[in-house]
Amino acid sequence: MVIVNFKTYLESTGRKAVELAKIAEKVSKETDTQIVVVPQFADIAAVAKAVEIPVFAQHIDPIKPGSSTGYVLAESVKEAGAVGTLINHSERQMKLTDIDAVIRLANEKDLVSCVCTSNPPISAAVAYLNPDIISIEPPELIGTGVAVSKAQPQAVTKTIQLVRKVNSQAVILCGAGISHGEDVAVALKLKTQGVLVASAIVKAKDPYSIIREFADATKQ
Amino acid sequence: MVIVNFKTYLESTGRKAVELAKIAEKVSKETDTQIVVVPQFADIAAVAKAVEIPVFAQHIDPIKPGSSTGYVLAESVKEAGAVGTLINHSERQMKLTDIDAVIRLANEKDLVSCVCTSNPPISAAVAYLNPDIISIEPPELIGTGVAVSKAQPQAVTKTIQLVRKVNSQAVILCGAGISHGEDVAVALKLKTQGVLVASAIVKAKDPYSIIREFADATKQ
Amino acid sequence: MVIVNFKTYLESTGRKAVELAKIAEKVSKETDTQIVVVPQFADIAAVAKAVEIPVFAQHIDPIKPGSSTGYVLAESVKEAGAVGTLINHSERQMKLTDIDAVIRLANEKDLVSCVCTSNPPISAAVAYLNPDIISIEPPELIGTGVAVSKAQPQAVTKTIQLVRKVNSQAVILCGAGISHGEDVAVALKLKTQGVLVASAIVKAKDPYSIIREFADATKQ
Amino acid sequence: MVIVNFKTYLESTGRKAVELAKIAEKVSKETDTQIVVVPQFADIAAVAKAVEIPVFAQHIDPIKPGSSTGYVLAESVKEAGAVGTLINHSERQMKLTDIDAVIRLANEKDLVSCVCTSNPPISAAVAYLNPDIISIEPPELIGTGVAVSKAQPQAVTKTIQLVRKVNSQAVILCGAGISHGEDVAVALKLKTQGVLVASAIVKAKDPYSIIREFADATKQ
């Protein structure tokens, strides 16, 4: 599984979000790999209309329908076509109570919950809250090109070990600094089930090649 | 001018956002009134495609393109079709520095900036930051059905007086509790240039009638 | 163990904080019960000077010494006399990453860490982060006079069960609505090691009697 | 007027806060200059007991007495000996509504309100909220050693001009990068009434000399 976070790059905003999602879809079909795209809120509808691969929101708020002007309602991203959401991305960290509330909310609304964590104990803590996916991303490596799977294999291994003690079902991913197919291959050798990536793909001159490289690496 | 904030009501989410926007557009054309609709982020694209009246975002973040997962980029809502944005709504209050930054950002990106304020001195303070629109909404009246224009006419009058000392151009609106055409008429008599409304329209059994009533009231 | 949170009540601010702490100390000595007092930041120094029982801060921030004007430095509350701190009180909730960081920080600075939690899974999640004390306080009962130990005994029992799976050392307390000695006795029967209380003592006409009642109840 | 913000430096925490405040008091008496010290919350009581010069808090929260565990109550810092407070320091920025609320609160409690601002329009905006002191501190210069009075004299002059249009009473200070007596002298020539300083004094090997230099510069 490869989750591609579009962040707020101009290279993945608006029409370019749709283009990038189509490239991801193409690779997904060619390689029979599960690739998820994570565009900005305002781009979800166009992206979800344009592709058949899963679309996640970057965040949802722990709110009920009503008076929350400017916040992100689960129902809203779902009706726009999202089938899941990132939660607690290192750039959008949440209160512990809100992480718990949003995981429940996602579950109620049939949205896949993917919680981002920054170290093994936090990953284990989150495992108790029963998200569908846990993705460990040491924040000091994000955007560096230094891959978590190579720079901190022990963090990944420890995460898996701690999470599995209390949660046998959550999909475990890793992210941060993933730049080459080999980084992905190493991540899978460490027993993760995939990667969460962003800049390596979004900022690439040739996104197709790099997504393809990542997808191929998951097949080895 | 009537700005209709869709908030996060289910009655104005997804397809219902599009339906409500179409009703607003119908009234806008019938009565030649400027009506602005303010759907949730994920609904902007569909609404902007469906109607020709102006669409605002409910909020944008003071960020540059790049690494702000889960935040709202000006370029993103603009490319989805928004032509303006609410700023500092009472349900999404911002730091003073961020209000200043977002007004500048909206200006750079050719988005209309509509800052919500809660009392006359705050309105005057905001006037110095040169937003396009200032809307005073005493928070204690929001959602009550007790109209600001009737319950606190002096707050509205004082706002206009203070704002005009330093800013001759900003459009001045009022909101909170506006429920009847007469509330709108009183608001205009107090020399505002329109109203910011939400629940009275979104939660109405017959939104057409109430939007029409509001629009007609602006014409008297 | 009885932890008395002074919150921001006027009845426990300034000189009254010192008076209340002295009453707590008196009961602590009379009954040989461990009683901890938790005054506001600005009151820590005077309270810690006046009594020999442990004093906790209500919160510390996940900051290093330097440029954090207006935030609460661990070293600062420690030098004022605090020997521990509440973390993530329901009135001062923190991001998950910050809870982790503050527990580590407290540990480094030899401050006792007492993390407040709102339900069993969150308690278990926190248990992984190795705080010294975990106190479950269902927020809907805080300040109600309806005791958690009586209204939600299963939440308390479940918390203990989940926490003990991963953490055999943390002291487990419960709080919210504790008003009578019997509420404390029930809490202990449920196998907690004490209670976290506030309004029942701070707002009492005769704080001595109620602290004494609570302390006696821990001895039964 | 010289306001010395102790920030959260270890050099100005605990006993060292008291020592530094005594040095400031010595200079204040020697030179008949108004010098204000701004220690951390937990240090206010000891500092206020040790010196006769004014002590400000670094921040207070817009709360009423009661259930705000971990927040800073005006009454609490006042009873500890503070006679004023910084508001909206660039390291502790506040929502516009909260700045308004805290200025009112300080006024009610007879605390001097000193609002920090980052540019001329924001300073003018704040002027409408009637604080006692406005201190402009361009955030990009804080801690650089490049003095605002020399690097951005036009920002200071423009601030004074805009503020005086609407507020004839507020004391106007400037800060950021003030390192030498000459920086202070220039600030006064620009018609400010003093400076807000921090690292130049707190981190100095010989704080006495530098405070004395600043105080002398205000007398030229």
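Odds and ends about this structure:
Each chain gets a letter, A, B, C and D, in the order it is written, and its residues are counted from 1.
Rule of thumb we're sticking to: a contact is a pair of C-beta atoms (placed from the backbone, for glycine too) under 8 Å apart; a residue touches a chain by one contact, two chains touch by 3 or more.
As the structure is a prediction and not an experimental result, all values here were calculated from the model.
Each chain's centre was taken as the mean of its CA atoms, and the one lying most distant from subunit D is A.
For the copy pair subunit A and subunit C, the superposing rotation over Cα atoms measures out at 180 degrees to the nearest 5.
Each chain gets a centre from the mean of its Cα atoms; for subunit A and subunit C, those two points are 37 Å apart.
Here the spacing of subunit B and subunit C, counted between their Cα centres, is 44 Å. Our note on geometry: subunit C versus subunit D, Cα centroid distance of 34 Å, whole angstroms.
Residue positions of subunit B touching 2 or more other chains, listed in rising order: 90. Chain contacts here close into one cycle, and each chain has exactly two touching partners.
Those chain pairs judged to touch are A-B, A-C, B-D, C-D.
Residues 5, 7-10, 13-15, 40-46, 57-59, 63, 65-73, 75-77, 79-80, 82, 86, 89-92, 142-143, 198-199 of subunit B are the ones touching subunit A in the complex.
Here subunit D touches subunit B in the complex through residues 88, 90, 93-100, 118-119, 121-122, 124-126, 128-130, 162, 165-166, going by the rule given at the top.
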